[in-house]
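Heads up, there are several structures right after this.
One chain, chain A, appears in both complexes that follow, with chain B as partner in the first and chain C in the second.
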Partner chain A sequence: MTNGYHIVVCGSVVPDPLQTLEPVSTPTGPALKNEMMLPAVLDPWAAHALYEAANLASKVAGSKVWLVSVGPKAKLQQVMMTIAQRVSFELVPVDASASGFADSHSTAALLAEAIQSIPGLDRARLLVFGGWESASRGAGATMQLVGERLGILDQFQGVDQLRVLDDAQPDGSFEVLERIEGGRHQVSVCAGPPALLGWATGNLPEPRNNPQIGMANMRTVMPALQKAKSLPLPAGGLHFLSASPPKQQRQTRVVKDLSPAQIAQEIAEWIGK
Partner chain B sequence: MSQNILFLAHVSEAGNALPKASYEVLGAAVKLTKQLGANLTIGLIGEDVAAAAETIAAAGTERILAVSGPDFATARYASDAAAAEAICRSAAADLILAPASSRFMRVLPGVAHRLNGCADTHVTSLEADAVNGELRAARWYYRQRIETVIRRDARPWIVLLEPGCEAAWTGMPGPVKIEKLSLPKFATRTTVTGIRAPQSDAQTIRPDADLLFVAGAGWTKKQSDGKTHVPEAEKLILDFLRAAGSSLGGSKSLVDQSGESQAVLRFMTHLNQVGQTGSTPRHPKGLSMCCHGEEPHVVGWRFINERRAVNLDPNCGWARGKADVLYVADAFEVLANLNARLTPVAQSSPEAMPQEA
Partner chain C sequence: MSAAPPDSDAANDQPTIDRQEMAVDIACVGFGPAMGGFLTTLARSLLNPDGSVRLESASSPGMPLQVICYERGDGLGFGVSGAVTRARGIRSSFPGVDLTEIPMAAQVTKEKLVYLLDPLRASRRSFAFKAADRALRSLGLLFGVKHEAFELPYTPPFMRKHDGLVLSLGQFNQWVSDQVAASGLVQIWPGMPVAEPLIVGDTVTGVRLADQGTDLHGRPEPGFTPGMDLHAALTVIGDGPVGAVGRKLDAHANIGMPPGHESLEWALGMKMVVELRDDSGLEAGTVLHTIGFPEPEIFGFLYVHPDRLASVGIFVPSWFGSPVRTAYRYLQHFMLHPYLWRYLQGATLKSWGAKSLQESGRHGEPFLAGNGYARIGEGSGSTNVLAGSGVDEAWTTGVQLAEAVIELAEQKRAFTREELERTYVRRRRGSWVDTESKVAANARNGFQQGVVTGMIGMFFAGLTGGRFAPALRPVPRCVPSLEEAYRSRISASELKQIKEDCSTKGTSLHDRVMDRCGWPQIPLDGKLLISHQDALLMGGGVQAPPGFANHVIFRRPELCRECATKLCVEMCSGQAITHGEEGVPAFDREKCVYCGACLWNCRAEGDGACGNVEFNAGAGGLHSTLN
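Our next item is the complex of A and B:
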């Protein structure tokens, strides 16, 4: 790819996975109890997408990374304090609900609009990245809807690897590994941008915090957050009739006084039933 | 006015048969069709759908629509979206039911947008209200931590049903008349070049296995003698998977070690990861060893009915209502004993090792 990729990563905030989540009813539908008080993290799959984007941008000269994020401004600011230290990007925030109960069609509309508003974005070099699912809505639908709104017909989901086939080629063609059933990958070759990739976990470790990257990012992150538009997220004809945590609680039998051989015997009998 | 229901399926890329999950969704479609007095249409996508169509001849449909040919042999967004869109438009369906396969999960939300409709994925049940016929879908949010029941105003409504939630439809095969739809030219900038799978003896993910075995990070930690025993752990686990014919899962802390240059189980990858940021597999039984059973991991066990765990910590998460039985013991010793008991059984039973998916 002679001019580099324009990589736009879609990703929002979710409650820290260690938090207890309790649904409550509100006039606009279900929400999480004390939602604004819960510590937040960047959605894990979106984070993988961001790290993969930064890795690709570092390998292909002239590439640039944007992070488009729909979420409450205060939460985005909190999460950016950590994420901005890991990789270089330009934040495009949209001040709106990051609730998992928000309709994926409405969220996709906001994301697509935000992407289209990025100045200087070159569609011929465009790769749209995101998580293939989220830890909130978990729909596995939002990215496809964004792609359709942007008219991108080369879409991949559950991506674990993107390999640029030949850096010297001007078309930017690449090979993609997508997760399919049975622990296997489907291998595809795409002729180049524009394309959309919903990432699974990829293969990269979490980058270490780098205060210098953080300082550079925050010069643009803070002004972008201050200017972020506050937008409503319509329900889009989605109605929740109930929302409840699972009630299943098992009566655990704790076995402390059996030898390994006796335990093995008991488990073997259980497996064989 | 009666509703139109479309059952949409694709043949497996391995041949010309429908995946098992498709028959489960057909069962749900047939049930709803009868309940609502609706019209059922069947739509099929694949290289050659004739044999698959014959297997569902008795499902009670008047129309079987198909888009077939070499372009539809493999899962590619542009061609699959064009095929599904053409079938949905021809069927003029209000409700479209499809299995939540990787192929359809990739493409059907985008098709919903083209049809000016809506899509919901990971649906675990779809019911019609007995009084007014209103359709209600159940699905989980926040990674299996909150269960909801929803309804939608928009139509068509595409619903992707999770496998294992409905009884599979069965019926006698027979001759059928297939209406083949032709498509306008679509983009083919992407070429599917193949499927990459581990060697058959190294395949550890078996969706159809009766038992899920989950290994935690404890397998790679220092044991009572102050040393790690990773090669021994690898052998014990692989021997167990062979003997019990089980599928292998891992906790996030264990699969992440491979990216952090720590001692690792070489066969454990992110594909094995079960939990909040991994998969939520469906097996009748689950056995965990050397895993603490914390909530972010256990949410991946939501659809595993019988659960047992082996851990040295009697106060671990499994003891707090997350497993049926917690054995407080050394997993290395238990698994060695278990393998000794299972191996003779496995050798004498040709069905001990399941077919790979």
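Our next item is the complex of A and C:
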């Protein structure tokens, strides 16, 4: 590999995690109440994958980043107005449901098809990035299915770091740190693309807003959104018996001058009640 | 990379920092209804119907005008307003469009003005209000007093919104921004605060974005990115009444406020969006305006959206003659009033928010345009303080500026003071916005003398087209000390004890004072009646992204130490400002909802709204699109 990576990031939109979500039953299955009215963000795990992709592309000359994103077009547009200020990418939008109740197989099929239809994508240079987890679905399963549909055998999940082994003359090989039990990492070496990486949180901070990146991205993002294909997302035989948010118990108390240890102790006692 | 122009004000502050620069044709600050009107109108005219360029860019020849807009909030739909509007200007921008298709929008179907009696007998009522309560109670059957409330048989025409819309400003802004952005002709970037205008002489040459990668004090950290200088032929300022750019312009002679103009009157609007129970009996489009409770000076509202959602809130004005300004608790007592509680009982909080309203109207109007800049929306004094209407007026000023820009761009004229006055200001002066603003100009003058005189003044101003209104502009009343305000209810020694106790425990002084004066504890139910901090968490969430400096700064700590009232603490909508060490308030930006109440409640130095609080551009804030 001499011309850099072709990095495709799979990242869908999810409701802003700060919102209170309420599942409701609809004729087509469970959904979130007023989901289209809720603010949306790029799935946080996928966002990490995108930032890692941009970082890798900046280090390996000739690399390029695509963001394949599934979601209602209006929501994709809203999210792009934030994301596109931060890193350079070319958007491949898919106008379809981003519901957390979508079938992973169907979602993976849409993503794989969208990746395969990217003009000029070189499989020999292909790295598929995505979130290991997701704010709306088990993305690890989805990413694995995407990889299988694309025939990618080298898959890594729970990735915290990717390091190109030969920065001077990269042959495409890289080292991957995957999360394993006990807060440790498994170190693997991959001979090169094609490979699929499901990212955990990574180690990079959120990139700063950069107006010049934003202006450059928007020249391609908005036309791409205007041409986005609207596709159905089949239920795939998935049937939900019930849906409910995680149970939570909230108790707020304003305290002053407590040390972190005291706060931790109090929380532990509260949980134990 | 290059430094800012050496003679600009911004450059004088930080001459050593190299900043990236970028040139566009039009730089816009703040995305609200005014900017929505501006960008909607302008975007439609940038291209000809055949797709060729109609208004050509000077910064990028061959391209349409390069227009870029920066919004401080993390999303374009995170605005806060309890909006009922006649929507005359908005409707004219969308002919043939059914605006009730906007989520949470409904046609106004029913409108009532309601006087709320004080069922608790805890409010600070004047003799006139006490007499009114007594009379209404004793003649209740005759007047139809029910649920401790009297529905006035007549709503003054200047208040009526009968042909209008109930809106969620958040959903409306989101709907507008979706359409503008979808055109691909205008770029709108949320989550990016603008620090200040770039001013050379008396010309605004663009804006400077906020520095990123700093600690809370603005000191560079690893990854420091100096805010970019964005140069533009025209800078459009629509960042609202507490926006950093607008207020920094206000402070400039010949650019900011004309002689005699000043933003002296304010109000804090605090609201909740609630989901009503199935059988609440309230129909979408119902509008209730209330007076009398929780305090005579505090007005309230309840607007009903479709799908059982409702906005309920209060306004706490700057002329409220009490230092006890805990809007959140007052809002809870307001909801618990029997007249409203019969509707609200069983409801669930969906969203919460607060914002400052500039209530000086045209008396707070800055220069609307100058060399290289124009001002639109609430920060330009467009709010009609008589009608209690601001969204439609703001939208219309944006449309008027866009029409002026189109005219000037077609004629290849520069955006000078003379040209903008000939086009934009002339349009505005000839429109209903200005005509009605003149009627409203002095309508609220009487409130500085009391609620009753204020309401009489409003009534006469409204009914006579502004010909009869209290003529004298008010001198802002000093907010009395706690001791003065509660002299008749709490002895000085007891108040001293309460103060010391609250200071030791770090609890709210105002809550204690209200408890002592007979306001009952709020019966928290975990759904609608929740603690103030839970409202921040459950009502939309507040976020403060790292890498930006604190936007609230107490300029001179010694003034804070001397301040006995600390209204900034008690009126902080998110409890982001608390009593700090050595008498200087502490600021936690992860709770700040950017309402700006600290700005106009600080009376230090005795210099009116300026005070000792510096309210800069900052990122983050509320994350709710329902407000």
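What to note about this one:
As a working rule, the second predicted complex is superposed on the first by the 240 of 273 C-alpha atoms of A that agree within 3 Å, B and C clash if a C-alpha of one lies under 4 Å from a C-alpha of the other, contacts with A are read in each partner's own complex, and residues count from 1 in each chain.
Following the convention adopted for this analysis, a residue touches a chain if its C-beta (ideal position, glycine included) is under 8 Å from a C-beta of that chain, and two chains touch if they have at least 3 such contacts.
Computed from a prediction, not measured in an experiment: that's the story for all the values here.
By the touch criterion defined above, A:270 reaches chain B but does not reach chain C. Touch criterion met: A:81 reaches chain C, while chain B stays clear of it. By the touch criterion defined above, A:239 reaches chain B but does not reach chain C.
Contacts of A:182 after superposition on the shared chain: chain B is touched, whereas chain C is not. Between chain B and chain C, it is B that contacts the larger number of residues in chain A.
Touch criterion met: A:212 reaches chain C, while chain B stays clear of it. In the superposed pair of complexes, A:250 makes contact with chain B and with chain C alike. In the overlay built on the shared chain, the residue A:30 is in contact with chain B alone; chain C does not reach it.
Overlap of the chain B and chain C interfaces on chain A comprises residues 18, 20, 205-206, 250, 252, 254, 256.
Contacts from chain A toward chain C in the complex involve residues 16, 18-20, 34, 36-39, 74, 77-78, 81-82, 85, 205-206, 208-212, 214-215, 218, 222-223, 225-226, 250, 252, 254, 256. Residue ranges on chain C touching chain A, taken from their complex, read 20, 22, 68, 74-78, 103-104, 171, 174, 177-178, 181-182, 184, 187-192, 209, 212-213, 223, 225, 228, 230, 307, 350, 506-507, 526, 531, 533-534, 537-538, 540-543, 545-547, 575, 623-626. Chain A makes touch with chain B in their complex at residues 14-15, 17-18, 20-21, 23, 30, 32, 44-45, 100-101, 104-105, 108, 135-142, 144-145, 147-149, 153-158, 160, 175, 177-192, 200-206, 236-246, 249-256, 258, 260-261, 263-268, 270-272. For chain B in complex with chain A, the residues that touch the partner chain are 74-78, 81, 101-103, 105-107, 109-110, 112-114, 118-122, 136, 140-154, 186-187, 189-198, 203-207, 211, 244, 256, 259-260, 270-273, 276-277, 285, 287, 294-296, 302, 306-308, 310, 314, 318-330, 333-338, 340-342, 345, 356-357.
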